[in-house]
Amino acid sequence: MRNKRNATIALVLGTLACLVSGWLLLRGATSLETFPLNTLNPQGRKADIIYSLVVPVFAIAGLVFILVEVGVLWMAARFRRNHDDVEGVGEPVQVHGNTGLEIGWTIVPAVILAVVAVFNANAILQMDDTNADAIDVTVVGQQWWWEYRYDIDSDGTVDIITATQMVIPAGRDVKLAIQSRDVIHSFWIPALNGKMDAVPGRTHPLVIEAADPGIYEGQCTEFCGLSHGVMRMQVKALEPAAYDEWVQRMTTAPEQPTDEKALAGQEVFVQQCTSCHQINGLEPGAEAPYLYADLPNPNYGEDVGSTLLSQNAPNLTHLMMRDTFAGNLLDLYQGDSAVAVETTVGSAEAVPSGEPDTNNLKKWLRNPEDIKPMDPENNQGMPNLGLSEEQIDQLVAFLVTLK
Amino acid sequence: MADVAEIAHEEIEDVEFPDDSHATSTGISNPKLAMWVYLASDALLFGGLISTYLIYKNRPGEIPGLSGSPVRISELFDIPFTSMTTFILLMSSLTMVMSVTSAMRNDQVRMRLWLGTTALLGALFLGGQIYEFTVFVSEGLGYTSNVSSSAFYTLTGFHGVHVAVGILMLVAMLGMSLRQRIHAEAVEVIGLYWHFVDIVWVVIFTIVYLIP
Amino acid sequence: MTIVHQRSPLELPSGEPLTPPKPLGVFSRPKATSGWKSWFTTVDHKKIGIMYGVASMLFFLVGGFEALLIRLQLAVPGNDLLSADLYNQVFTMHGLTMIFLVVMPLQSAFANYLLPLQIGARDVAFPRMNALSLWVWLLGAIFFNTSWLFGGGANGGWFAYAPNSGVAFTPGHGMDFYAVGLLIMGIGSTVSAINLTVTVFNMRTPGMSMMRMPVFTWMAFITQVLLVFALPVITVALFLLMFDRLFDASFFDVSKGGDPFLWEHLFWIFGHPEVYIMILPSFGIVSEVIPVFSRKPIFGYPFMVGSGIAIGFMGWGVWAHHMFASGMGPISVLAFSLATMFIAVPTGVKILNWMATMYGGRLRFTTAMLFSIALVAMFTIGGLSGVTHAVAPADTQQTDTYYIIAHFHYVLFGGALLGLFSGMYFWYPKMFGHFLNERLGKWHFWLMIIGFNATFGPMHMLGLQGMMRRTYTYTDGQGFNVWNLVATIGAFTLAVSILIFMYNVAHSYRKHKANPVDPGPDPWDARSLEWMIPSPTPEYNFAELVVVEEFDEFWHRKYGHDEEGRLVRIAKTEDVVQKPGATGIHLPSPSYWPLVLAVGLPLVGYGLIFNLWWAVPGALITIMGIFGWVMEPADDPDGGHEHHEDESPSDDPEAAAELTDGAESGEASDEETVAADAEQTEEAPVG
Amino acid sequence: MNENDTDAGHFGKEDPGSEPEKSSGGESAVAAPPSPVVASSAGDDPDVDGRHMGHLDAGHTHGPTDGQYFTIFWVLFALTALEVSTYFWESWFGEGDAVRRVGVTVLLIIMVIKFFLIAGFFMHLRFDSALVRRVFIFGLIVAMVIYTVAMSAMNIWTDNGNPWFDDPPPPITTTTVPEAN
């Protein structure tokens, strides 16, 4: 019978189509190099827990998907009305229902889901475990960048404040305390763990762990206004020794610049930038020679006596210890890739090497709003300071000394 | 909604068709049923506002360092005064119910009398609430002073608006009763609204005013 | 009950209605029932339904245009077609338009048109309130879209998370329009929901017990119940936001102790039932279409109804699954995650029942049937991706990525909209008296399915590859290029299919004008009561009320079955259906007042946003509307029908008009309640 | 006041004072049209415009008498007085957690009693069709459950106090925002 043949064809084609689309879906599980934010390539303990839960759930869903889609297609072909069908002959049997069947297909999915639920509950509870050697980092979201605060010696004072790129030791749990200064943001490093919102007035915990050294790309995922789309961040995981070196560098004041241009730039910085950006120990309007300090002032925005949002700007004391700046939009060092978006697994260095990309810094200083949409009139983001080319040159010469 | 299913099952068993062509399927008149559905919906509105107040009522005291007035609105409550207005509103429920029974007895005169009394008592309650607000504001706790005052004024304000709307309906009904006969059911439906407003006040008075 | 007639000796003469009360008002009572003017004063549920439908299709074009802008912007990395600010406005307005201005009113259109017909009533319980809800919604929707003229649309996302939606972070007027506009539309929806709930409870034709109602009626009814209980919650949230933005309150100002979680909870307590509000009517439509074109009854009717109720019920307990990543704590996450997983069960029952209905049937692939089958296939995908993020840890990876976008477009487009299109093709002859062209319809269908899958299928992959939502651009190195381009091409394919649909409407109308062909009362050989009456539906719906004896009454009057259970025709359709041309049926009279009342509300809205004094004229108009409404009898005493004495069966006072008249003052005051309640919008903040 | 004050006698078959629940709230009451009350009213007075009212007012036939209303009012009055008195308990019985706890419990219980007295008698919920009772109670239950869950999710089951997070850093208060407009 024609219908039966059609039904067989539908069966085969439907199954093929489902398999192809399933394969396309799983193609998502490719390298982190191509897809820096890939969710299907876990690189740490916590992300592994999620991944090992996702795979069976996807498998079950895929199976149901194939059954239903193929079933619909098969029925459409099998029970199609033919042109030569006559009313009154071979009409369908009027089935009103079948209680046993109905109860069956209520209970079977419920049981399947109950099994999944057990694993689900187990995973949810596992997400909070930490190892004994975990370190603490406070993460603060602000429109539109991230700040990280480290209390290395656990004495209650902040020892390191940095932005955009968080540095963690590989193989150790990192307990993040996520907070926000203005609106709700969400901290998300897909390779290391799921996301967690940064809600003003609350502190939210999240544990991340990177098995290997590397740079892991992240992205703010809760809509936070104008520049939400480009509010990016990175986590750089270092070998324990390299991490110690990084801590060492970050807790020591940078060297005083010596060349004239850089000194002039320092002057410009103190006049133009210190009302928002902090370099440990540099005060707005301070008199030369400037005194650097080891410890950052964690309340810098408030010390300035201002209430503006933008006045809490990234701490630039060790700017050149990072690989990227401007909310992870621009590279600080000349490298092979033109964009700052990257996830590299395997190696990472405590102190970035290479030539500083001064063009990027200049581009940013000429008009930050070109790079990242901002609204300084409403105190959101960095204003265009109207610096002259000479001032920009001097500033860049100064900034590259901050290592 | 599970209830609805039960109803459905009950109904399927014996369906008789009333000859009275005015009958609704459930035997409850449309306006009355609509009012009940509306009141059930309103329960969620007040639930939301009461929850908001409960969440915020201690905020100025509990969390140090917040901007705005540190005074909680509950520190300003004058319980004896509010008890008076509560009694007034409670009494208005009684007069409302008397109005309904009068209307059902087709005693239009008494019905008008009780309607008028109810509206008057409602107005007294509203006046008391406005007086209370002015006292709070003069004590320095305005609508925008802190979250507890904002939540308090919003909650009681919404209740006050409901009372005001109820008074308008009572007065309108009174006016219309001079022009045409009022069905007892119309009075009853408004009565439902009025009692609901009273019920909400029962909850607000207990939860907001009396529980410290 | 003689009480009413007993006279009290104290009764004043003034209590006696010596003359029928005349409408007091500036307008004379409108009389027209045809012509363009009649549309503004009509209280006919069918005209109101059609207006809902037409208006929401126009907004569909607006929302679709916004969608195309989004897709164009994201077609290539680093695109600067739209600025970040404009993009934020466009995606926010796209979401709000599609939800509140397209899918919800479209389900309202079908519910308004079909509910009374399917339960065998002559109109809804409160015809004027029905008109009110249409006008309040429509004018609110227009008000909301005028924000484009006042400095830009809403730009805080449709979920408007505080504190980003506060005035400090979003200083423009867009979010003001969001709060006030949604409040106004909420009034319309509440009125409509209460009205239709009462209609289903009370207006059923004799014998139409709850468990004999068609599945569409059931699903639309559950939707109305959900609306009744969900809307007050968002009303609270919107009032708090509005007071924050316009009157300097501090509900969501963290520095004063406000808590952003309050908004999240209130919003999603509404927001999750809202999802079912959008999808359940489409489930109902499919449950009507598939049995008709399979020539089999719906499989497991009680389970279909029960699962609908279960979905509606469980929909209240799962709202926080939108907040798995919000940091609400592992206990809440665990509880809501488990609750969410099991909501898949009743949905799965529905899908399997639809398939069982098709099994062994004799399927006719009309366009309506194709859309319905497509819903089963596409919604399954959306449902399954839903299960994958009911698993909370997985959801923390997926939420706020394009995976979610894919999921809810498969649910809302592949579910709700495909169902609604199915309904359009199915009931078009009943509504307008002619078919939509089937050939064009199939073009529309196939292009839409291809375009839809090309647009939203790739978003699954984009999401898993980590592309986040609400991003105005992406960078070349992120690996999102290919699928974004595919999605954009798909979006334009979708747009073409919509153009074909529009052309189909125009083309079919022209052909019908040139060469009218009566589709007859029952063009599809269908099952429910609305197919017993002429097409297009006469104004009075049913010439005589149908006494229902079983589920699918109309079908069983046409067909019986033999010993094997196979279908046997027992009566000709012509003998079963009702004849056109009944006269003397009393219908509710048209009225201006709903429109007048509704006009005032947007004016009050502008007043709230720009200058409180501007609210005064709006408030006066609204109050005038309420006054005129209350003073106007529900029925026109000059309408020529002395129906109280009229005992002729054709003027059977079972009709809705009669009922509302039966308690006319009661109705008036009740409506006043709701109307006056609507008035709170302007009263509360001022006072 | 006695029961005959109402027009109950008119309906003969119903005894307004006795167990109103049973006559109106029983199994068949939902599909109220077939209830005997309607039948009797229609049968007794076929000619009046009670057609409008007969069945509509069916619910009231079991309603309380005026006297009962007054009784209920005095009960409510007394309960409210008792409620208000809790305000002075601390000055009478001395301060303390126990007094406060008992006070709050008493208040909540009285609130519920008052609520259902008004709803049940003044709003006729006890005597009305089961449908309205279910609609209203459903609304109440939904309201109570969801708001209770939401409030607990916000204030009790939060992460601030998460066991592994022994000593979370103090929240960084948001920066005050500039005057709007």
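For clarity, chains are labelled A, B, C and D in written order, and residue numbers in each chain start from 1.
Assume contacts are C-beta pairs under 8 Å (C-beta built on N, C-alpha and C of every residue); 3 or more make two chains touch, one makes a residue touch a chain.
As the structure is a prediction and not an experimental result, all values here were calculated from the model.
Trainee: Return the chain label for which the distance between chain Cα mean and whole-protein Cα mean is smallest.
Mentor: Closest chain centre to the overall C-alpha centroid: C.
Trainee: Please work out which of B-D and C-D is bridged by more C-beta pairs in contact, and write that pair.
Mentor: Between the two chain pairs, B-D has more contacting C-beta pairs.
Trainee: Approximately how many whole Å separate the CA-defined centres of subunit B and subunit D?
Mentor: Each chain's C-alpha centroid was found; their separation is 12 Å.
Trainee: Distance between subunit A and subunit B based on Cα centroids, please, to the nearest Å.
Mentor: Chain centroid spacing, subunit A to subunit B, equals 50 Å.
Trainee: Distance-wise, how many Å sit between the C-alpha centres of subunit A and subunit D, to the nearest whole number?
Mentor: Here subunit A and subunit D have centroids separated by 51 Å.
Trainee: Measuring centre to centre with CA averages, how many angstrom lie between subunit C and subunit D?
Mentor: 32
Trainee: Which residues of subunit D are in contact with two or more other chains?
Mentor: Correct list: 7, 31, 51-54, 56-57, 131, 139, 142, 146, 150, 154, 158-159, 162, 173-178.
Trainee: I need the residues of subunit C touching at least two other chains; which ones are they?
Mentor: Residues 3-5, 163, 169, 171, 201, 209, 229, 233, 248, 253-255, 258-259, 261-262, 266, 327, 330, 662-663.
Trainee: Residues of subunit B touching 2+ other chains?
Mentor: In subunit B, the residues touching two or more other chains are 1, 4, 7, 11, 15, 17, 22, 24-26, 28-29, 32-33, 37, 40-41, 44, 48, 55, 66-67, 104-105, 183-185.
Trainee: For subunit D, which residues count as touching subunit C in their complex?
Mentor: Where subunit D meets subunit C, its residues are 7, 10, 31, 41, 44-45, 48-54, 56-57, 131, 139, 142, 145-146, 150, 153-154, 157-159, 162, 173-178, 180-181.
Trainee: Over in the complex, which subunit A residues touch subunit C? Could you list them?
Mentor: Residues in contact with subunit C: 21, 24-25, 27-29, 34-40, 49-50, 53-54, 57-58, 61, 64-65, 68-69, 71-73, 75-76, 79-81, 85, 87-88, 90-99, 101-102, 105-106, 109-110, 113, 116-117, 120-121, 123-125, 127-128, 143, 178, 182-184, 186, 188, 190, 193-197, 199-202, 204-205, 219-230, 337-339, 341-342, 373, 378, 380.
Trainee: Sort out for me which residues of subunit C touch subunit A in the complex.
Mentor: Those residues of subunit C that touch subunit A are 83-85, 87-88, 156-157, 159, 161, 163-164, 169-171, 254, 258-261, 294-297, 299-303, 325-327, 330, 333-334, 337-338, 341-342, 344-346, 348-349, 351-353, 355-356, 358-365, 373, 376-377, 380-381, 384-385, 387-388, 391-401, 457, 460-461, 463-479, 561, 564-569.
Trainee: Which subunit D residues qualify as touching subunit B in the complex?
Mentor: 6-7, 27-28, 30-35, 38-39, 42, 51-60, 63, 66, 69-70, 73, 76-77, 80, 83-84, 86-87, 100, 104, 107-108, 110-111, 114-115, 118-119, 122-124, 128-132, 134-136, 138-140, 142-144, 146-147, 150-151, 154-155, 173, 176
Trainee: So in the complex, which bits of subunit C are touching subunit B?
Mentor: It comes out as residues 3-8, 10-12, 14-17, 21, 125-126, 190, 194-195, 197-198, 201-204, 206-212, 222, 225, 228-229, 231-233, 235-237, 239-240, 243, 247-251, 253, 255-259, 262, 266, 305-306, 309, 312-313, 547, 630, 652-654, 658-660, 662-663, 665-670, 672-674, 676-677, 679-680, 683-684, 687.
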